[in-house]
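Both complexes below contain chain A, partnered by chain B and then by chain C.
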Partner chain A sequence: MEEIFNPQVLFYLFTIPITKTIISTWVVMAFLVLFSFVLTRKMTFIPGRLQNVLELFVEAIINLIEGMSPGNGRKFLPLVGTLALFIGTANLAHLVPGLKAPTSDFNTAFALALVVFFAVPFYGITTQGPKQYFKEYISPSPILLPFHIISEITRTFSLALRLFGNILGEEIIIGILFLLAPLFVPVPMMLFSIFTAIIQAYIFTILTVVYLSSAVEVSKH
Partner chain B sequence: MQGEILFLCVTVFTAGFAIALGVIFPALGQGKACAQALESIARQPEATGPISRTLFVGLAMLESLAIYVLVISLILLFANPLLRYVFH
Partner chain C sequence: MIRIDRSIILQIINFVALVLLLFRFLFKPVVRALDQRSQFIRGELQKIEDEKKNLEATKRALEEEAARAKEKYLEIMDQAKLEASRIKEGIIREAYEEGEKIKNEYRRKARKEMEELLSGLREDIVELTEEVVKKFLATQITPEVQTRLIDVFLEEALRELKAQVEAIHER
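Let's look at the complex of A and B:
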């Protein structure tokens, strides 16, 4: 059970350790790229049945962002949409035999949270300018500077730990049920894990939007 | 050997106790949040969208408390860093 925190190294590729997480991540990436490529290869103005699937997703993400941060839908779409698609697919990957959910590895979850950690100042500075953005850190008084910095760091950790803990917990429960009764008993839990996977992807996306919109909104004072 | 066994017993007990306490209180909080949200949706059905979105964000925040406890008990059970000092 040691491999819960240190994933088992399968083989070495030019001295780079390859774990099951990396293989699963590449499978998820290949699936997403191929899926999107095939569906958008022959784009038409009036969408066909398959193209509609992707358009529905893009529109849902834009509406989600517009609901929380009006006017920024197009700007946040690349980052937020990618995160939502990747996390959603990665969370569901453990339903495929032989794969494990990449997000049940703390390294993947923390990498995704770091992307958000760096995206927040990026969008904040490009929207408001560096002076206005860093002024937020010392408002209303410079005493609060350490607290602002601490809150930036802890929310990154909580973003990563939430995703990791939920997916790992689900995986462990399914694993234990498999040990007890391998036939049919884990199936309800696996169905429930589909729900958890989608909810967690949604929560990660919505929190990203909340953090980004708090960075780009121009303060009144 | 006595000390090592005591260490393992305390570790397992702490992990179990931590997860019990750490799940009870976030569950109470989440229940309260859900109840309030349902009540306000029943009173104002047209505000379902914003209410449920805020509810999800709040539930995620509450849930992360339980997840911290889960991670700590998993560390205690499966990747205890102190084991190295007890079992040479």
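Let's look at the complex of A and C:
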């Protein structure tokens, strides 16, 4: 049970524990970078099938951001696009034998949520300026300052826990089904997990866009 | 129990590295390709727009040219009509003057001939009268006969004179 929540430490790298999750993360990262490198190496003016898929994905992310925060599509694209790709791929990693979904480890989910937590004020301050950005915390009244801070912290935890809970739950169900009936019964659940993985990646991405757009939006107060 | 350990730092570093790597190898080239294509399409659309504007300008110029040509044509036509009318009036006036001249010429000739005829007739009457007087004297005609003879002679002379005048007029 302990290993389900906290993956086994394989070795230590400068006092940092290297778990199976970290190894899976590196595999996912390597896959994404290699895949991107190969696909974008020969970009043509008239796109082929894979280039079309890639362009479609990038355009979808830009449109998603533009829909909520007009004019910031290109600005948020690296962060939001990477989140969508990484979470989507990481959620599906458990389907590959020997790999573990990095997002089923709370450390990964929380790390991603922390990145969003720090990205929000970063974009907010660079867009609005520190004075205007922090003014939002005391508007419409300074009484609301603690609530704003609590909201920032809880939403970070909520982001992390939602992703972690769903993916871990999925993995546990598939694991149990494997134990009970290893041949065909887990297959529908595994197929369903593809759907869940994409949905969770979408939810995490869209929530990130919402937080970022609310941070860069100039207040009317 | 869920435990947060130091691996979270590595995961943050991993993710930031992934953001940078994907920005370099995925988003940047794809966005550049999209921009290039958009730029190309915008350029082509601009070209089409410019071509359309050029065509419209040419069309407008041609229409203006056609309007000017039509105006000039109407002007030339008006001038031609005026010229034709003036020439026509000149020809009519010349013809009328020529006719008047011919008419006057013939009238003058007719008057002259009439005068000649009248003078000839007067001489004939005198001769005839002399003959009548001679005959009268020769036959000693009565005054009644004499008067009747004179009337007959005068009527005859007058008829002949009229016939000659009409002949002159007809000519």
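Keep this in mind: the second predicted complex is superposed on the first by the 214 of 221 C-alpha atoms of A that agree within 3 Å, B and C clash if a C-alpha of one lies under 4 Å from a C-alpha of the other, contacts with A are read in each partner's own complex, and residues count from 1 in each chain.
We take it that a residue touches a chain if its C-beta (ideal position, glycine included) is under 8 Å from a C-beta of that chain, and two chains touch if they have at least 3 such contacts.
Keep in mind the model is a prediction, meaning the values are calculated, not measured.
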Partner touching more residues of chain A, whether chain B or chain C: C
First, second, both or neither for A:Leu54, with chain B first and chain C second: second
Touching partner for A:Ser36 - first (chain B), second (chain C), both, neither: second
First, second, both or neither for A:Gly81, with chain B first and chain C second: second
Contacts of A:Ser158 with chain B and chain C, given as first, second, both or neither: first
Partner chain(s) touched by A:Val210 [first = chain B, second = chain C, both, neither]: first
Footprint overlap on chain A, where chain B in one structure and chain C in the other make contact: 2, 5-6
Touching residues on chain C, where the partner in the complex is chain A: 1-12, 14-19, 21-23, 25-27, 29-34, 36-37, 40
Touching residues on chain B, where the partner in the complex is chain A: 49-50, 53, 56-57, 60-61, 63-64, 67-68, 70-71, 74-75, 77-79
Chain B partner contacts - residues on chain A that touch it in the complex: 1-2, 4-6, 67-68, 158, 161-162, 164-166, 168-169, 172, 202-203, 206-207, 210
Residues on chain A engaged by chain C in the complex (per definition of touch): 2, 5-6, 13, 15-19, 21-22, 25-26, 29, 32-33, 36-37, 39-40, 43, 45, 47, 51, 54-55, 58-59, 74, 77-79, 81-82, 85-86, 102, 105-108, 110-112, 114-115
